[in-house]
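Heads up, the next two complexes both have chain A, just with different partners, chain B and then chain C.
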Partner chain A sequence: MTHLNVVAATPQIIVAAAGVLAMSMGLFNRYEIRRYGPSAISLAGIVAAFVMIVLLWGDREEAFGGGIRSDRFSLLLSAIFLVSAALVIGLAWRESAAVDRRGEFAGLVMVAVAGMMLVASAGDLIVLFLGIETLSVALYVLCALEVWRERSLESGLKYLITGAVGSSILLYGFALLFGATGTVDLAEIGEQLGGTSFAGEPLVIAAMALIVVGLGFKASAVPFHMWTPDVYEGAPTSITAFMSTATKAAALAAFLRIFQGVLPDLAGDWRVAIAVLAVASIVVGNVAALAQDSLKRMLAYSSIAHAGYLLIGVAAGSVQGAEAVIYYLIVYLAMTMTAFAVVIIREREVENGEMLEAFAGYARARPVLGVAATLAMLSLAGFPPLAGFIGKFLLFSAAVEANMTWLAIVGALGSVVSLGYYLRILGVMWLGTPADGERPARLLAVPAPVMMATGTAAIAIIGLALFADPMIDISRGAAEALLAP
Partner chain B sequence: MELSAYLPILVFFALGLAVGGAILTLSKIVRPKHTLVKDLPYESGILGGTPARQRFSIDFYLTAMLFIVFDIELAFLYPVALTLRDDGLLGLVVLIVFVFTIVEALVYIWKKKALEWR
Partner chain C sequence: MLSVLPWIVLALPLVACIVLMLWPTEPDRRITRVIAVGSVAAAFALVIAIFVDLLGRDAEERTEVTTLWEWAAVGDLEINLALQVDQLSTFMMLIITGVGSLIIFYSMEYMEEDRDYRRYFAEMTFFVFSMLLLVLAANYLFLIVGWAFVGLASYLLIGYYYDRPSAVAASKKAFVVNVIGDVGMVLAAFLLIRDLGTLEYTEVFATAEGGLGDGSTSAEAVGFLLFVGAAAKSAQIPLHTWLPDAMEGPTPVSALIHAATMVTAGVYMVARSNALYELAPYAAGTIAVVGAITLFMAATIATVQDDIKRVLAWSTVSQIGYMMVAAGLGLYGAAMFHMMTHAFFKACLFLSAGIVIHAMLGEQSLDRMGNLRGRLRAAFVGMLVGALAISGIPPFSGFFSKDEILAYALAQGTLGVIVGIVGILGAGLTAFYMFRLVFRAFYGPDPDGGYNPEPHVTTWVMAAPVLILAFLATFAGWIQVPQGWKLVDDWLDPVVGTPDLKPSLGLEAATSLVSVALCVVAIGVAWWLFGHGSERRLAHAKTLARYREVLHQGYYFDWAFEKFLIEPGRQVGAFLRDFMEPAAIQGSIRSTVVATLETARGLSFLQAGLVRLYVFTMIAGLAIVGVIFILVGT
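== the complex of A and B ==
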């Protein structure tokens, strides 16, 4: 009988159960339950899982015979997913995708989070793949949730097809890894492939190549990014925000778990491949974003570029690199959420609210929101002293430490290019004049949950810079847990 | 890195091509020849009546999908039935959790009126 230790898996169990419950809340006949039940149960589940994470914080524990690991890495990443889900549920308040389908919305977000937590805490390849599938299938449906909008359906279908291709390639990679080692347990695979005896072995190289490609699909790294702009543009905006923060964090968690955690001795084989993906993502993402007129599409390309920055930390192949990735994931969550929140608020006010011209003079009409957007854009571009700068600095210095100075240079150049579109948004928002008058048309009252989520994310951009030291310490603890025996 | 290590892959590809090609060529030589009557759809000896390309209700599609979901879940239950005695209490608990999830899904589609024929 395998060792169970269910306690170590409680965060995942709580979140999955909350998802199932939230989905059934949408079935009740009473309007109040249908309306508030799913969100309330999801938020309660998030809080409960968060408490369990704090309680479990510490050295590694294993549940279900090693299938699920609860260490500092998995717990910190789980916290990121949970915060992202809480913000998204707040932002989606009274959004059209969520009014009639509140149960499905909140429930599927929770199921996706449960999948992401499985990815971050996977102790063997099967759990890892199951986690990736759980989060993907939930997201396919979430993308197509606004079934009355053709773009939303298109988004879901495109994501389904590309996601299935990515998953199958990833699975093939896992199968080859299993073939090379005869085990699915990550720790045992690490032991078997330890040392250098496996360096250059074709089977292992093929496995690693397939895994890089499969995870590249999930992280939307160039050249596996083709689906990203269309899917991000068509999906309900709150889901886009969720995908570009939490899903990216899950894909990067899988990258770190497999390459940093299991195959550190083969770094010579995978570092260059991931570095090439990083460079391609930074170049293509930033350059393509310059030409976009839709804010959602622009942020989609920006998220491709950020996948590139994050992969720099993976390519560094060091504890420092992993620490930088984890810290930047937290920062990225705050700033991307803020940026999408502004789009969500504008979208409810005017038709085509995601287009750049809808934002002409918007910051002057709504100064508080304007300041939040300014913080987000400057931080995304990497302006000192904001949190985005600290994160990028950590990533680039990890690359320099790992003798990959060229990677840091490409990253820095990419950041300069990215100023071109981030500042363009700010210019339109603060200085632009609307086409048909002095003030932007139609300002509606923003529901309190939306405002709270936006405010939390915006304040976190400053907070993560002010309290960078403790956050970086926590990230380092998580990064070290990856390699702990 | 030695290129000779890739020889098995080359052999694998060659074998795949050879087997596939052999099967296709053999069946081309051996298979019976087509005639107009033989190409007719077989309907228990009765001559085919209406054309096969008809429209039918999308409900078939939904029902078929739901069937597959529950069918696969049932397929998971069979092996458990064989080993339940050895799995003991833990197996039972796991099974109950699993069945509860299925029932929950059934309640969900029932309440969503997915089982009703429209």
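== the complex of A and C ==
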């Protein structure tokens, strides 16, 4: 408890420092520095943090008197955030938000990642909340970064206001938990609540309810999802991609850290509420997505549905469930990034590039992108044997083994419904005819960083399916670290 | 040798598909042909080598599982990428690659006039690969993977003419129905994992009796869920409506995927899972009953179809019904035997129909045909042989396989007698609708207005496969003769077993006599109605109009799905869009108006009302979550 052990916190420190440095690059006069500096520094920070993660990989270490934990769980989740940030910086290469405000863009993404890493590695409630606020504040600004676009501003403000409500509910929950146990340290809370004496305690019950709601908001689970489509649609698309992958992973990390890691003995109390949120998210997300004509909105609802699938794994309340959630988060990162990448590329070419009709015949004109999009959509729908299928298979079978077969059935049926809109996209892309003429209008060359990010994500969808075994092993190690004493 | 050969068989069509897809430009058509036909034919040759190798072994040593790599290990559950060569999978591979190479050979000429020559053959070889994976898989997971892949191939090929909206709609429908089936199979796999902890065939079948229990709820649930998959893939009621629509694809596709191989995968899967169905008598009984209902209803619908391919499609639904009846009653050998003869005669029928359609430049309506027998000899021979075989007229192959199912069914207790009688009635209907097709297309006078242009003569590339299949449809039945030798049953016995109750000589003779007599009468009626032009036919169509309408609507299955499933679903979606997210519609309008009128007020464009609604929902959600916690806690 007494010594700092800063080494265990180096990934977080590196990322935060890189963020600050990147932001200050925007102040330089030289064009080259302003243009390449922020991205270069951010990417260097990401690589350095990644190296530190590999070096730290192993049993738990604590920094700052237990405030920050570095274990397999936090390190693996941090790696997910870092990869997501790297891909987003690549994808945003020519996006107006990122070009005009390159320093802020890359810097804030790094700050958000630092917040997420704090969430995943939090050893007490204070750090956890600090992390959530850090990432939220950075994202409020990122959403509104295209200040000249009304929808972008609106998106940032909506997120800010609803986010404030979500955060305060979460903070209430933490406060009650502190009141019930007299400590903020996660390990000590776990010890105190480990027995049965607190199981029926109203204070603990209320705390759990508030925390479920607060985190459910961040994960955009129904009924706390209302902001999601508006904010996702209004924000710059690369930020939408970042939010739907990294932010969701951070929220799920917090879910697992608190419920699976600290309160496993109370699973009987919390699993039903989480299962209900999961079912609601799957139903509402998938059905509402059917009616969308904007790809961004469709993917927003798809991300709501995926929050539902992921919560199934949390509700299972077992190591298997946690393992499935972690594996699926990795897979989800790859496939969602690919899907958004296609939107980003098209948006740069035509006005209203996020609308479905802009994609008529697009895959025929750009077969490589078409194949990538097809992989992503089929994987999102859980088509065997792609990575999304394996992930869903693990999630649902964890539910079956936890005697929640009905959850697995809802999930499986939800996947069938989801085919309706994923296939619709693919149908338009491959088989549709553009409104004017044979070929889709205006095909521009894709910048190399965008192409690389897209390719990496798309190849990962196949790689995660072919070499599922090592990835599942790593996820299992992370899941077990949650419960390690 | 057996550890390597199946992998090569599997790899050949896959490599062909990849090469064709990655070829930088549209390759020369000769190259495409050599790659596509060559790969599948080579696979066929290797399958024969496997078959010969197995023949040389003792019956008990013909099962060989080889693992390529350990794909995923979750706790105790290990899933391997492994292939299982045994009598059943070899039997299937022979049909798939044998009939497959004939049909792909035929396609060279049939698709000559179409664009995207390369895409067609790439998708066909992909299908062959997927189908081989389906039958070779050594566990349920890779069965599901193959299952999904053939669905994907079918989707791609049904929608081959992607500028035809009807083709796109049909392909979507097929895909969605098939995915419903996939979900059933996946859920069954979850139950197997939960109760047995494994998905490998050998382990599942060895531990099923102890792990699931004889007649237990889990065993029945697994049986039913697997059958959901089988019913979707094999077009059994009520999941059958996609197959007739699937005729939007090119005719060779219909012959290979939607007649000979893919649609019979459900029967293969039930036969493969025979150890599970022995523990689930109700699920097995359901299969027999559904099969019987399907065979009868589909046969009646086939009697009123005017599109030559749709007659054959409904006939396929009906014939798979026979196989399902057999599989549900535990007559797996008979089911597989009928699958084989059906593959021959139905492929023969489809390819003959393809010659007609090709010769008439895409015309498929029976109303525009007549008196073709002198013009298209190869098609006529193929169609006639196919019709005789499917009707069960001795000595053609269908006689042996169908009568084995019927005679054995009648010996299997009350349920067997009921479905057996339905099957005999269905046989009469089969003869009627098939000869209706033959007489309307090939006999009688020329159609109104004559032929314009005159149907062109077939080349040997299309005629040869038809004649080979006609030969097989004629003689293949002789490998299994009632009260005589039973080569198929004996070959498959170690995998699927043989039924305990066998029909007596008298029963078998009586069944044959009755069904053949019924068929002859049905052919006579068909000749009387359709043999001499359209007058008699139209007169009777008028008096029967009301019944014909029910059949034309396919007993209103499509209508009911549309009304009770799809339309309500759309309404829920519209409701969610209109009420749950006012921003989508209101927001855009309001923000434009507000932006122009009230810019001075700064942030008022935020649509404060909406945000209040969002926050209100969150608080309401919090209340709900709180109530759940209290309910669970107390």
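Observations, loosely collected:
Keep in mind that, in the parts below, the second predicted complex is superposed on the first by the 484 of 485 C-alpha atoms of A that agree within 3 Å, B and C clash if a C-alpha of one lies under 4 Å from a C-alpha of the other, contacts with A are read in each partner's own complex, and residues count from 1 in each chain.
Here is the rule we use: a residue touches a chain if its C-beta (ideal position, glycine included) is under 8 Å from a C-beta of that chain, and two chains touch if they have at least 3 such contacts.
Note that the structure is a prediction, hence the values are computed from the model and not measured.
In the superposed model, A:23 lies in contact with chain B only, and not with chain C. In the superposed three-chain model, the partner touching more residues of chain A is C, compared with the other of chain B and chain C.
Contacts of A:51 after superposition on the shared chain: neither chain B nor chain C is touched. By the touch criterion defined above, A:4 reaches chain B but does not reach chain C. Contact with chain C, but none with chain B, is seen for A:287 once the two complexes are overlaid on the shared chain.
In the superposition on chain A, A:147 contacts neither chain B nor chain C.
In the superposition on chain A, A:157 makes contact with chain C only, not with chain B.
Of the residues of chain A, those at positions 200 touch chain B in one of the two structures and chain C in the other.
Within the complex formed with chain B, the residues of chain A that make contact are 1, 4, 20, 23-24, 27, 200-202.
Only residues 70-75, 142, 144-145, 147-149, 152, 159, 162-163, 168, 172, 175-176, 179-180, 182-183, 186-187, 190-191, 193-194, 569-570, 572-574, 576-577, 580-581, 583-584, 587, 591, 595, 603, 605-607, 610-611, 613-615, 617-622, 624-626, 628-630, 632-634 of chain C touch chain A when the two sit together in their complex. Interface residues of chain A facing chain C in the complex, by the touch rule stated above, are 150-151, 154, 157-158, 161-162, 165-166, 169, 199-200, 205-206, 208-210, 212-213, 216-217, 222-224, 226-227, 229-230, 268-270, 272-273, 276-277, 284, 287-288, 290-292, 297, 320, 323, 383-385, 390, 393-394, 396-397, 400-401, 405, 408-409, 412-413, 415-416, 419-420, 423, 427, 430-431, 433, 468-469, 472-473, 476. Touching chain A in their complex are the following residues of chain B: 1-2, 5-6, 9, 90, 101, 104, 107-108, 111-112.
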